[in-house]
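Got some structures for you, see below.
In the two complexes that follow, chain A is the common piece, with chain B as its partner first and chain C second.
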Partner chain A sequence: MTLIDLANPTRFLALTARVLPWLAAATIILLTIGLYQSAFAPDDYQQGATVKIMFIHVPNAWLSMFVWGVMSVASLGTLVWRHPLADVAAKSAAPIGAAFTFLALVTGSLWGRPMWGTYWEWDARLTSVLILFLMYLGLMALWRAVEDPSRAARAAAVLTLVGAINLPIIKFSVDWWNTLHQPASVMRMGGSTLDKSFLIPLLVMAIAFTLLFVTLHLAAMRNEILRRRVRSLQMMQASRVAFSSEVGTGSREESASKEAGAA
Partner chain B sequence: MSLGPYASFIVTSYATAAAVVAILIGWVMIDYRNQTLRLRELDRSGITRRSGRSATDRP
Partner chain C sequence: MTALAALIRRDIRIALRVGGGALIGVLFFLTVVVLMPFAVGPDLALLSRLGPAILWLGALLASLLTLDRLFMADHEDGSLDLITMSRTPLELACAAKALAHWLAAGLPLIVATPVLGLLLNLDMVATGAVALTLLAGTPALTFTGMIGAALAVTLHRGGLLMAVLVLPLSIPVLIFGVAASQAAITGPLSFGAPFSILCALSLVSLVVGPFAAAMSLRHGLD
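Now for the complex of A and B:
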């Protein structure tokens, strides 16, 4: 099955029906392994047991940017290739991305209070992630505000691509500015600075959360396709009702004029 | 497994993550049920797709 085959929503629905149970099972297995490893990971010599918060904070922080990246590629698909599923993919990813960004902010705050002595600091990393969260909410509002899905898709695609400028700002904010947030310790030149006892549970949790995103995204895309079918069928139903009432009114007017003529 | 003096922060983090993930899963499942129900209702009232297939059909 090629990408072009998947442009057909009916084929896409058939694929999701086959793939979703396997994806859900793989997500549950990996999440279970990741949570077990996180629970029994050793305490950090500085952070103590609060290092366990990192095992959910970091995957959510990665996904907050990854999901916007997926939406940006989908937006290119909408604007350049007019792929029928591109807009569906972008629209259904937004609430999931917003949820991951919310979790990154909340778990980061809950880690910051005992480690930094504050829940929040207006430093470059925290502020740029908050802006990302607000952009997710803005996009979701835009999709709800415009009734015609194709018009909403184009506007949302432009906004998504403009918002993608924020991704390198988030990534490099800790290098460009003097921030309270620590610099990258996993994806950095020269390799990870984390010990294996922390790195392995972190990577397992990251893969598990990524699988969770893929599963939820495919399921949400399936729902969006069905929602659009409902909308088009309801419009068809409404036009039939309007047509039949017009025909009814027309025949009544016709008979009324005949009656007037006879009189 | 001892969570130390900051146990409440760790537990709250994991509980929040679990709640948000549960909400996401619930939203996807309820939305799917709602859309399939609406499609079946339309199908029953005789509104079908231009292809002639039922809206809930798969190839």
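Now for the complex of A and C:
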């Protein structure tokens, strides 16, 4: 099974119909384990119970960037390989990514209130994630503003690739600038600085959220394909109605002209 | 090379003549800056503190609004098709068009800055700093805004949608432009660091902008 085999939407629908229940089940199981573990993780000696926000916040933040990465690959698929499902993937990923980014921002500011004493701080990491959120919304606006999906797909692909410049800025913003947001502690040179009792629930949650994204994304792609089919059927029906009425008026005109000629 | 020079000359000439609209940008810049004291009150101390930010915002909006038509007029009279089909690479043609636009619409903004600085109670140093940062930063605005202009012509949509798409991309330029001018005027931070990042942003957009615009023109025009 290669990527090109999935170019046929019907085959894609059949495959995802088989895969989706398993994915959903795995997501639910992992999310339950992860939530259970993070609920019973020990309190931090400084942060107390607020450390538990991290178990939601960090996976959301990871995914906010991961989804844009997926969209960038899909955009390459649209522009370079003209893969027919690439723009479906890009389009259906955008709202999910926006939701993850929004949750990352909200959980972050809920954590920031007791810890930093403020809901919002104009620091480099927060600002760049906010820009990411705005770009997600802009992309969604672009998809909604243009009726022709293939035209919108190419424009959105260009914009997604340009916006991908923001990803390394977000990732390294904590290293490049002196920020309030703490630097990377899980994925860094020389191993994680996180204690095992926090690291394991966090990793479980990260995997669970990634599975959640894959599940939601595949389901959204199915919806998008079906929506396009419905739309093209509607268009066909509309054109059939228009055509038949046109033929009707045409014949009427013809008969009218005949009558005029006879008169 | 001569083709590119001819393109630049032509674009500048069109922009400066009747119906061009390059100088409307300056007028808009002036209007935005004049509006600000009405909004925040005619407190001279406050205005001189906000001055760099106001000037930067005005320049950002002015360059964004004039960019809308960068490819549109050429698309309407058909010369964009000729440019796309010509032997000069489309990326270079896009870069030339953006450069011409910056010369015709961006430079007048910078020239107008000292006059507007007077209105905002900025001293010599502050005005010089803002003008210098605008000189380094407005190419970035033009070259990233060009992507939006190319999308606008391929989608037959302009205005608000393009502003929504392009403005997030111009936030870094705004941040470092204002940071550099504040550093030169008051700040304890050095002027060099934000100013070099601003120059870097301009250079990056100089490379990325033409490619993205050419890509969207090539895929979008049919």
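Criterion: the second predicted complex is superposed on the first by the 263 of 263 C-alpha atoms of A that agree within 3 Å, B and C clash if a C-alpha of one lies under 4 Å from a C-alpha of the other, contacts with A are read in each partner's own complex, and residues count from 1 in each chain.
The definition used in the following text is that contacts are C-beta pairs under 8 Å (C-beta built on N, C-alpha and C of every residue); 3 or more make two chains touch, one makes a residue touch a chain.
Because the structure is predicted, anything quoted here is derived from the model rather than measured.
In the superposed pair of complexes, A:Arg154 makes contact with chain C only, with no contact to chain B.
Legend: residue contacts after superposition of the two complexes on their common chain; A:Val162 is shown touching chain C, with no touch to chain B. Look at A:His57: by the touch rule set out above, it reaches chain B but stays clear of chain C. When the two complexes are overlaid on their common chain A, residue A:Asp195 makes contact with neither chain B nor chain C.
The partner of chain A that touches more of its residues, comparing chain B with chain C, is B. Of the two partner chains, chain B is the only one touched by A:Ala220; chain C is not. In the superposed pair of complexes, A:Leu134 makes contact with chain C only, with no contact to chain B.
By the document's definition of touching, of the two partners only chain B reaches A:Ala14; chain C does not.
Here chain A touches chain C in the complex through residues 79, 127, 131, 134-135, 137-139, 141-142, 145-146, 151-152, 154-155, 157-159, 161-163, 165, 169, going by the rule given at the top.
On chain B, the positions that touch chain A within their shared complex are 1-7, 9-10, 12-14, 16-17, 20-21, 23-25, 27-29, 31-32, 35-36, 38-39, 42, 45, 47-49, 55, 57-59. The part of chain C that touches chain A in the complex is made up of residues 144, 147, 150-151, 154-155, 157, 161, 164-165, 167-169, 171-172, 175, 204, 208, 212, 215-216, 219-220.
Across the complex, chain A meets chain B through its residues 10-11, 13-14, 17, 39-40, 43, 48-50, 52-53, 56-57, 60, 95-96, 99, 102-103, 106-107, 110-111, 113-114, 212, 216, 219-220, 222-223, 226-227, 229-230, 232-234, 236-237, 240.
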